[in-house]
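Pasting a structure below so you can have a look.
The first chain written gets the first letter, and so on, giving A, B, C, D and E; residue counts start at 1 in each chain.
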């Protein structure tokens, strides 16, 4: 494949960032917005071309004769060479998942660019302060995210991983005058940084034992009898295999180093993907502008962790312990986030917890995936859910943005009954809710169903668990929906505009995304994205997904979702005391859910009391008073000594002479005693 | 003698000194300072290009542009010069920082002339140090670079300057006391019995005549001697006070260049000449430097004075330099040198910005400031960039340097070293904590002080200064392999042969 | 009876000639012409100094059956001292012109020259009797010079302290010599060296060594034989102080070297090495500790010079040509540095009568050049490159370490650590002059031509002596050649 | 021989004692004379007993006497100088410069 | 073995040296002190005579007894009023003096005794140096001859004269 298009995919956002960042302030607002959007539009087109070429181009570079999809490195240039084998390269890797991401990211990003043209100005059409900066940061983020997904090696991924984190920081803190935004951005960065520390150490360990960063080399020899799935140079493949296949694999504290490495790398993913206990930044990140939440904190960046695990999936397969850990973490997170989402007032937070929960779904899906069961359907399901979730969650966020833009508040208490004022938004939001709840035929149904199938194949316990979470999902989403659009009539305050649907720049993305959410489920993902590239289905048509459904699982989950929706309808459709009564019935539970199980307080305690109070402050004190005190003490002692011996210089000749004489005698005597 | 390009690194500052001496007006002084430092920058960049050309043409001596002119003949002391990639990197760093420092002290008061005289004298020492390969000359230039600090801080500093200046000078000279003993000791073991003793680094290296027993004595002497300047725990306490009191350009030069003298010396003298002892004793210093790295970062978290924060951050970052040097492998050492470059540039940027902010608000207490992004967006953006460089954002220099260090250190065969590498890695999180804490309090949020609303944004000379530094930081961050190759070529395989790697 | 041997002593004879010229001029010049005595002495002494450097004028040789030695190092240490004395003489011109001193200025120059002659003898003597006479000639008239400012109380007190301790110390010294005589039966250094070879462990020899070291240590003001130093330096007129601290000390150092190496060189490994270790550590440390607190500039420099003497001793302990050359070089550099400091002090004292460190606060703003010179002197004394003091310190350490024992490393390390303390107090002066924001009590003034000339010479010396390697190279080659 | 050396040493010690204890500067000088004299005796005795064939000790003594005379003269001159100003010769009054 | 007369003479000399030395430094009258010094010096001269250095004895009497003591007496008369007693010593000071004296005695005495106790118990035979010999030695330039010190000490004396005059004269 020609390298121009891939290079352009990365270069255009970067160029846009530099252009808007350096000269944006001198530009008119509309120009900056248009430029950014146009740039992203170009990228969108180019990415689609690339992805479609990959999936349907039929080039032998991408698809083997037996229909197996291959990994293809489009270009790979050395960026920094550590040792002859440890090289950071910047490259462009095309394989099913990166091609998938090449569709997801530009799509959402473009929608958000477009949407922001409307969102980032007030009712009078005045652009917000820093509008150009906003677009610059969006471009930077798009660049980083694209670089992340096409990374050819784990270090390139880490680099863009960090850049993504930084641009997320900048975007969350976009309203820098607002202290809450500042602290939220700080929190997001530091928490993910902490997770990245694990990622980094994981990379260090992995690279130390394998001597390579390259994904293709790392993942080339997964399990016995399966080698040679990807085309890899013989020598390095052997190297990787040898090290990890040895029965006496290096151990560290009771686990093999590979497990350690993978768990540590997963820790990086936990940070970015907001898995418990590193999830606390994501709800706070909603302080950023809503389009940002849609782009970064719903659709793209937060799935980076999932993507990372998927990327290294063959390696994870070698140590199933690490996969089990992923399942546990994911399942707990999914349940936790769903519980919390039921008790939030801020609609963006509900969506945020919903995101956490859904990403956890993907994680679980990857974790339960085994080649033995349905050719690793969990992997496919996870990526499928990533795709569909990106679409409907972006949709939900953008809807929420539109609502917030109109209402001027994040709380549903300020909304209620908006359905009459904003019909389009209402419809879109409803589609989003149906999709996430997993109602056939919306996108979420298919992907979630397949996840549940994968769970079912793995263990019945996790299947029930995840189904329950799916039910909770449907419940809280519809609770949210009703509380925003129904519950009671909306009161229009005097002197305020009545809420209404927004201009086309904002509405169009909603409609497009809603449309995608409706049909995305029919994408034959099993044919496109599988863990080893081998398609799952022989013949593909529009209804492939439908026909291949595991209907026993699907019907159960559908039933659960519908029941949950009915409960939500009963409780929230009309204003009634039932919710309050429910809350009173389980006060403790409500409190804990409402306060997000007090995680923030715990972190607050750890950072302020332990890190600052018990480590930093004592160290600073120690430095000033002990170390520095010791240095000053030397000076003081010298000075004291100086005063102590001043009596020697008594000013009396006779004393001088006396000292002189005794000195001479001592000199003689001591030397004599010493030498004899 | 004057056909050797390196000698001009000393000649140009000396000419500048002479020029300053006859200057009458402030304009002339600035002209001399800027012209001279531009000339130095140009020279160092030319040197870089030419050096790469020579290397490409196949020159494979450990040092190029070697020249040696007898000075104290009977003692075999020469004015010996020579550079490899590391020295060139350091020369470029120094000249850039001198240039930006000159711009940053555009309005220094009082006695502008004296200020520049001392500043140039200091940089004479710095440049001389980096081009020297003769231990005596090296040491001489080293001390030349130290003493002007006293006056620069004492006269033009702020705060508790008398105390800080004295402490800084005495502690650094204390380090150089150990150093002097170590160097003389090396001299007396520089050649096998019967051969003439020498001060020349390359010859001493080639002779390999320092017995292991003596290495055990001389290595700590030299390492600690240089380590004091490299802010090694527990000899780092001069750094916070010194930097806090120093005027802008001096902080820049000191943190940016002078602290690098420590790391460079540790590598060039202690490790290069005494690898066996380095290998055996590394663990002691690894513990100390490892402590520096984490400890400095933690200390920085709770400081309230901008310069203190940055000084402790320097302790942490420079600790990483020494840490990596002690790992004794090419990658880690490359990382160390890159970290020197990177830290030099970004900390200079930091100090320049802090100076500019201080010059406007007259306080460095972050509790008294806030929302500067609104008041002086240019400076604030630069500060954010510097912060990102410091916490290791890819694309800026800090990242590549730190990563090279971590990767390199983790390649060490010994478990102890790898575990310590992980400890050092932890600093990246703590760094993020204190950097973001400052950025959040200082630049973002509401404006704290009403009076600050009238303050102006950067002037043109401030912009020149900061832009130069930012471009340099970004250049390293974006094209690291260029620098890594430049540096890597120079690690003598013989060191690694000796320690068996 | 070969009286032509006197001709070997060309430097002594030359000096005597200058002395006679000054003496005669002092005696016979009419009263109104008396003002030119200082200039006359300076001119003639300058001519003499220059002649000393002309190659071939002063020949090497031994005279009087090895009682007198004029080898290359001896000749050149004398030349070095001559340079110092010349500077002192020029610096003293203005002081000698004051009302209270004017009447005695002839005597001042005469006594100066005579004491220098005494030092010559001390340096050249290879016989203890000659050495003692030289020592006394070098120290007794100095007492009269210390008492020169008759109107000042301090001057008198200093003179009494000086003469009484000097005589006491010479008694001890001669007691030591008597024991040496008992052991060797001769007072010739070379005979003693042969005789004490077998006496290394004799208590009497150690006692004798201790007494001899005490006697010369008095002149060098080694701790604990130093207590007179501070009081005398403070009390004496500034030119006399500078003469005492620089010339007298330099001469004593070289003489000490000659005595220890040539008379006691054969007992080297055991005895005086350890004594010197103790004395050096004590001298440097105690000198530094006292210097920290001093507020009077002259007293301050007295303690500084005590600790400098400790560093000079390192050259003796080296016991090799490098040590000797380093010692000579150290003395040379020390002459320039210390005389620069005293020159500034003298100039300020003559102009304003201020000698306290507090008076120097803010001096840079009123008298920048003087302050700058003072700073150079302080840096040079502290051993900061590129000033000469750095080189001299470095070389003396290098010379000492050539011994290679662990003990010498420890000793040098202690000495080096002490340089930090010394740097502290030298910087205190710099701080007072440059950093202190107080209003300066010393008004701007223009110092006399002679003072300025002398200071320029000193500054040139401080700046050039180290960097221009010729000086040290010559010294080292010369000493190696004649060792 | 030791029988001559011991009295000389005692004399020297008396001198030391006197120098350290006397207040009057002239008395101190007198004590110094005792010390110098003891040295002279030492030289003579050593010469006479150990090295009878030569005269180094004797000549040293001879010169030492001259030196002692010169020292005494100068010291007395200085003491008198002090006496003129202070009207006494108490050594305890001379301790203005110290520490 | 020495003659009895010699032994008696020795004891007389030794005792007078010791006793008068002690008296010199302990008497409270300064003039007496000078007088006792004179006695000590005479005893020393006697000792020189006994050890066959007649010339030296003569010089001792002439220079010391005749010159120095007279100088002392004059200066004492000049500086103190007759009948002036020095006040009693402070005991601390006396202790210091005793310590110094005894320490010297112990150290030097031990050194001497350890080395010279049993050396040369007998007085060796020696010819008195004649005046001629002394003169020749004083003017000679060879080994063991003292022309140079002789010249040097003349300079010393001259210098002391100049110095003394400078200090002592009124202006």
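By our rule, a residue touches a chain if its C-beta (ideal position, glycine included) is under 8 Å from a C-beta of that chain, and two chains touch if they have at least 3 such contacts.
Quick caveat, the model's predicted, so the values are computed rather than measured.
Peer 1: Just to be sure I understand the contacts, which chains border both chain C and chain A?
Peer 2: Under the touch definition, chain A and chain C have B, D, E as mutual neighbours.
Peer 1: To get from chain A to chain B along touching chains, fewest steps?
Peer 2: 1
Peer 1: Of every pair of chains, which is linked by the largest number of C-beta contacts?
Peer 2: D-E
Peer 1: Chain with the smallest distance from its CA centroid to the overall CA centroid?
Peer 2: Smallest centre-to-centre distance to the global C-alpha mean: chain B.
Peer 1: Of the other chains, whose C-alpha centre is the longest way from the centre of chain D?
Peer 2: The most remote chain is A.
Peer 1: Would you kindly say which chain has the C-alpha centre located farthest from the C-alpha centre of chain B?
Peer 2: It is E.
Peer 1: I'd like the Å distance between the centres of chain B and chain C, where a centre is the mean of that chain's Cα atoms.
Peer 2: About 42 Å separates the centre of chain B from that of chain C.
Peer 1: Can you compute the centre-to-centre distance for chain D and chain E, using the mean CA position of each chain? Integer Å is fine.
Peer 2: Chain D and chain E have C-alpha centres separated by 7 Å.
Peer 1: Express in whole angstrom the distance between the two chain centres, defined as the mean CA positions of chain C and chain E.
Peer 2: Computed from C-alpha means, the inter-chain centre distance equals 32 Å.
Peer 1: Taking the mean of the C-alpha atoms as each chain's centre, how many Å separate chain C from chain D?
Peer 2: Distance between chain centres, rounded to whole Å: 26 Å.
Peer 1: Can you list the residues of chain C that touch 2 or more other chains?
Peer 2: Answer for chain C, listing residues that touch two or more other chains: 129, 133, 136, 140-141, 143-144, 147, 150, 159-161, 164, 168, 172, 175, 179, 182, 203, 206-207, 230-231, 293, 424.
Peer 1: For chain D, give me the residues that contact two or more of the other chains.
Peer 2: Only 12, 15-16, 19-21, 28-29, 50, 54, 56, 59, 63, 67, 70-71, 74, 77-79, 81, 91, 94-99 qualify.
Peer 1: Would you mind listing the residues of chain B that make contact with two or more other chains?
Peer 2: Answer for chain B, listing residues that touch two or more other chains: 170.
Peer 1: Just spell out which pairs of chains touch, all of them.
Peer 2: Every pair of chains in contact is listed here: A-B, A-C, A-D, A-E, B-C, C-D, C-E, D-E.
Peer 1: Okay, in this complex, where on chain A does chain E touch?
Peer 2: These residues of chain A touch chain E: 654-655, 658, 661-662, 665, 668-669, 672.
Peer 1: With touch defined as at the start, can you tell me which chain A residues reach chain C in the complex?
Peer 2: 635, 638-639, 641-643, 645-646, 648-649, 651, 653, 655-657, 659-665, 667-668, 670-672, 674-676
Peer 1: Under the definition above, what is the set of chain C residues touching chain B in their complex?
Peer 2: 322, 379, 384-386, 390, 394-395, 397-398, 401-402, 404, 409, 412-413, 416-417, 419-420, 423-424, 427, 430-431, 434-435, 469, 472-473, 476-477, 480
Peer 1: Taking the complex as given, what residues does chain E use to touch chain A?
Peer 2: These residues of chain E touch chain A: 93, 96, 99-100, 103-104, 107-108, 111.
Peer 1: Going by the contact rule set out above, which residues of chain C touch chain A in the complex?
Peer 2: 160-161, 164-165, 168-169, 172, 201, 203, 206-207, 209-211, 213-214, 218, 223-225, 227-228, 230-231, 270-271, 274-275, 278-279, 286, 289-290, 292-293, 421, 424
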